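Heads up, there are several structures right after this.
First chain A sits with chain B, and in the next complex the same chain sits with chain C.
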Partner chain A sequence: MSMTDQTTTAPSARKKIDPNLVRKRARMIISHGLVLLLVFIMVMPLIYMVMMSFKTATEISQDPLGLPGSLYLDNYIRALSSMGYVRSVINSLGITISVIVLVVLIGSLAAYPLARIESRTSRIIVMIMALGLATPNFVTITPIYVIFRDLGLLDTYLGIVLAFTALKLPLAVFFYTGFIAALPREMEEAARLDGCSNLQIFWYVIRPLLTPVTATLALFVMLMVWNDFTYPLLLLTDKDKFTVMIAVYRFVGATGIDPTMLFPAAVLGSLPLLALFIVFQRRIVGGATAGAVK
Partner chain B sequence: MQILKQLKLTTVAALALTTATIASAETIVLDVVAWKGNEAQPAGFPELLAKFEAENPDIDVELTYVARKDVDKLIPPRLQAGTPPDVTMVDPSLNKLWGDAGFLQDLGQDSEWYGNLKDSVKSILARGDEINIMPLEVIGMGNFVNMGILREHGIENPPLTLDEVVAVCKALEGTDINPMIFAGGFPAMLWVGANGMAVDGPARGEYSTGERKFVDDELFNASLNSVRTLVDEGCFDPKLQAGLDPWSTALEEFKSGRSAMLPQGAWNIGQFSRVEGLDFVFAPMPSVNSEVGMALDLVGPGWAIPRDSSQPEAAAKFIEFFTKEENLSVFLDAEGAYSPFVDAADVMPELAASYGAAREQDSLILWPFSTLEFSKTLQREWEESLTGFLLNLDEDNAETLQRWDDTVEDDL
Partner chain C sequence: MRAKNSLYLFTVPALIVLAVFFVYPIYLTFDMSLTNFKGIGEAKDVGWRNYERIFTRSRYVDAVKITLIYTVLVVVLQNISALFFAAILHRMPLIRNFSRAALYTPAMMSFVVIGYVWQFLYSPINGGINVALRDLGLESFALNWLGDPNLALFAVAFVQIWMFTGFTAAIYLAGFAGLPSELEEAAILEGASSWQRFRYIEIPLLRPSITVAVMLTTIGTLRTFELPFILTRGGPDGATRVLSIEIIDNLFGQYKFGFASALSIVMLVLVLTVAFIQNKVLRDAEKVT
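Our next item is the complex of A and B:
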């Protein structure tokens, strides 16, 4: 190779191995790899649960980490037959949706004045609400039970919905107060000049701006209410009113578990929640990220 | 004619509806709460409840499963509010706690079944001249041994002493079999209990009153040393075992046939028996204090009627039903347990013969955590400290045993 050849090929070779590009690509590969690894770690228990649900008892005990030999559906048939599945899912859906609606509505309505009226009373109320978040479950369980007994709300859908609403309201007020306090007041002042009442300002100006925080809150409340079995077990006695998590709970023994029943029941128990998330995925993610970039 | 026919049909329908309404109005719904009887641990309840309802057509039993750990949280509000279940499962600690608080009805020491209770059980459960619990079982805790593995390596009998366990571990050296599952929580407690207590040793009450200290006790010091011997002889890897869940992973591990021994309760006999090809026996705990192994009996749960039960008569019938041997034996058979009554038929399977033999030779200790000689807080301390002990075997025994003494002192 001549000297001339070398000088003519050198710039293009340098172009091919641009160190900035290499660094950028390396960074991208590493970050993508890390994200994939994190996703794998998070999804692994779910994959394991689904895999186990299709295994026979022998497969589970002899090769707990292996893939199922075939899709053994008997586990699902047995779990379904003893869960009262459809009824309990309808109950869970009804209770969860009612609680979300009430918590969002009451929480946002309560938070608006608390965020806007700057007084010691408002601050004290917000602090009391925050205390509600820190109060352990077992402290409130007896008073709630006794109050609901006196109100005749035991073993009623209304009772369980109100109990969950009361328990999740502090969280909602906490979420909304912080968010509303950070919103600029100019739009509200303009609306007031146009003759809007406080309620109209809330409904037409503030409420649309709450979409991101509402999406996040709804997701939180949905997960908490759906997965809770303590309050349904305490306040409901009629089996027809039981939620799906109580049905799953029946498969956990005091001194052991039957994996061939527990895993399919757990899959069935979380399936409606997953379906809901997939259906509303765009709205939830869109809502949660809206306003993130100004 | 057509009108007459319609009238007749309407009358018949109305009559049928009225009869059905009256029948349903007469049916008593008995609200029963238990931590057995669910899909994971049926305990013969589906069969027994169907039989009870057939014998008592006016009673409809509604059994609600509440795990034992959740009973402490969910039932007290109902007891305090005066709307408890009609019948609830209690264990000796709940019997004492709720009985002392006056939440439970006296079932009467003049009843026939109370007269038939074993004295050892009576002395634990009776509260003065009251009895608030009808005990259902006394259940063994011992060592599950995979005899298929042992026979393959020339051992014909389950190990009953420390030396015999070491011999098993030696025989399995170099194979892909794990000689022993020694999960930090429950199995470790059983080992340390079986080797730290002797039939003719100090009374358990001496420890819980602070009269005798664990830290100075020769037996308990020797017991912790025996754990070190097991580790030194390659019976298990303490760091791996410390974090193993005794209630799920450990059981699955034994069922897989890759482990030779597992200290656990006899309530697992049923589920282990359903595993195809698992050739196992339920033996007493190997012990340095007995040549025939140590049987550890746990006084199990029973039924109680809350003071404010809305159906006390139906509840009493329900309890009476379980006192009959033909009914109780169904439960005992499903549980792998002994009857709390004298002269009751032994329904334990042949695979628990060596455990039964140890009991017959009086190599038996009533588990002090079930007799309330040791407190619940001490039980938690045992579990936690033994997990810590497995993670640091070089630590002096006093570090572990002093924690137990401190807990006893706090309890006092």
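Our next item is the complex of A and C:
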């Protein structure tokens, strides 16, 4: 990707200033400024959220749009002490890691034959995966609730981990299949001649090459576990097992949408992911669009 | 050959997960939809009566209508605004990456956070929007956004469009990056205006990206639940009661598992039909140009 702009390739050696060039430059600065202003307006609600979280109750009611008078932290202290934040972060992390391990293992394993064998069997399995990708979770939520209840999986970590794993597995299979199909086959064939079993080939030859896909998938799973609302809302009722967003949802709901609690809770809920996004911005945006274009 | 067939064993764990979480539940949903199952006890067979009820009571027909109106609104406006931002940022490499990340940020956040923040922004007295409107002297535009049945659906749709414009714009930007640069350079040399390049070169070449973006938005929006649930709970007066809210209401509010299942099947048929038609229409449009 080239970072040069056609309009800036001006011969700098010229002494006399070309009025045309000045006009062009001015137009460029103004248009860029306008677009940046537009982008700023788009992120305003998020800036508003952060600003509000530092305001006292009087500031919120008397000067709803103004900047906070000082870095007032009491809202955060009160929210932190009563929303079970730390516990919910630990829950979300534990669930995330479990789901990543399962999705990566099961997904990459299934993708290997699908990428290497072209047959009707492969096509049928890919179709089943596509069905999983296209089915809205509201179509399956009633039976999953009933099955979980009958198996005693409601309100358990195991249940929510399995539900999330199923939700992201089809995507993982597609990601890995595309990636493995593009890998050269020579190493596998050499390993097979040396007498390696399929499982050994997968584990020692294929698996070490999958890191880029695994990293993208791990980010996706993290985003989903952190943000998904429907499954934990319906499958978890024990406060000690809440994920971050359900903790935020229940907490803000219980305060009757009190702004001095709502905004710090919203910021706390978003903070870990925003940090992740700032670090991995390119991979997240790139991964999302690559997945979409396929 | 034997080695090849035994390789399929690797797909067994994935197929078990798919069977338990998709294939069997879809079958079970259909099965339950023909009963009056209440979550516990015996389920009595009621034939197609649940479906009859859905299509004869205006409440459920309205839920389907609201879901469709909401989807059309979001899909059309979100794709237009995303295409607008992508086309502009494509022409401004200096601020492209920064703006793309900034616009994408809301899509990264949770519906819970976005829903609550906007609920407060929309609140009639000291919500950010009405305060700003009054400060600008536009008192008469300071409305009861989520409380007025004529406005609520649009207010909720606006939040969804705002939230995912950056996501869709990122898809379009990837499409723009794949355009042949010679063609654009030639057009610039020929004196084509920015709009002409957009209309006659970029739009036709972006057809595949448009197909993908429109279909993704549509499938995602037809199943929409979180924003109407958090912002309005389906109210006021049922104005934002989309199909998914109706399902959850019947399931966990009234324990009508059989009826909720019938609604789920209606949603599945709706999603598959729309996806099928859209795929056909959009792919045909790709071929024409």
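One rule holds in what follows: the second predicted complex is superposed on the first by the 202 of 294 C-alpha atoms of A that agree within 3 Å, B and C clash if a C-alpha of one lies under 4 Å from a C-alpha of the other, contacts with A are read in each partner's own complex, and residues count from 1 in each chain.
FYI, a contact is a pair of C-beta atoms (placed from the backbone, for glycine too) under 8 Å apart; a residue touches a chain by one contact, two chains touch by 3 or more.
All figures in this text were calculated on a predicted structure; none of them were measured in a lab.
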- Identify the partner contact of A:V139: answer first if only chain B is touched, second if only chain C is, both if each is, neither if none is. second
- Partner chain(s) touched by A:S82 [first = chain B, second = chain C, both, neither]: first
- Message: Contacts for A:F251 in the overlay, against chain B (first) and chain C (second): which applies, first, second, both or neither?
- Response: first
- Message: One more residue to check, A:V285. First (chain B), second (chain C), both or neither?
- Response: second
- Task: Check whether A:L114 is in contact with chain B, with chain C, with both or with neither, and answer first, second, both or neither.
- Result: second
- Message: Applying the document's definition of touch, where does A:P232 land relative to chain B and chain C: first, second, both, or neither?
- Response: neither
- Query: Is A:P272 touching the first partner chain B, the second partner chain C, both, or neither of them?
  - Reply: neither
- Check whether chain B or chain C contacts more residues of chain A in the superposed model. C
- Could you say whether A:G159 touches chain B, chain C, both of them, or neither, answering first, second, both or neither? neither
- Counting only touches as set out at the top, which of chain B and chain C does A:M42 meet: first, second, both, neither? second
- Task: Name the residues of chain A shared by its contacts with chain B and its contacts with chain C.
- Result: 60-61, 64, 137-138, 141-142, 144-146, 230, 234, 249, 252, 257, 259, 262
- Task: Spell out the part of chain B that touches chain A in their complex, as residue ranges.
- Result: 31, 35-36, 38-41, 62, 64-70, 73-74, 76-78, 80-83, 247-248, 251-252, 255-257, 265, 267-268, 271, 274-276
- Item | Interface residues, chain C side, partner chain A - complex | 3-4, 6-8, 10-11, 13-15, 17-18, 20-26, 28-29, 32, 39, 88-89, 92-95, 99-106, 108-113, 116-121, 126-128, 131-132, 135, 162, 165-167, 170-171, 173-175, 177, 188, 209, 212-213, 216, 219, 222-223, 225-226, 230, 243-244, 247-248, 251-252, 257, 260-261, 264-265, 267-268, 271-272, 275
- Message: Residue numbers of chain A touching chain C in their complex, please.
- Response: 1-6, 31-32, 35-36, 39, 42-43, 45-46, 48-49, 52, 60-61, 64-65, 105-107, 109-110, 112-114, 116-117, 121, 125, 128-129, 131-132, 134-147, 162-163, 165-167, 169-170, 173, 192, 198, 202, 223, 226-227, 229-230, 234, 245-246, 248-249, 252, 257, 259, 262-263, 266, 269-270, 273-274, 277, 281, 284-285, 288-290, 292-293
- Item | chain A residues within the chain B interface of the complex | 57-58, 60-62, 64, 82, 137-138, 141-142, 144-146, 149, 154, 230, 233-234, 237, 239, 249-259, 261-262
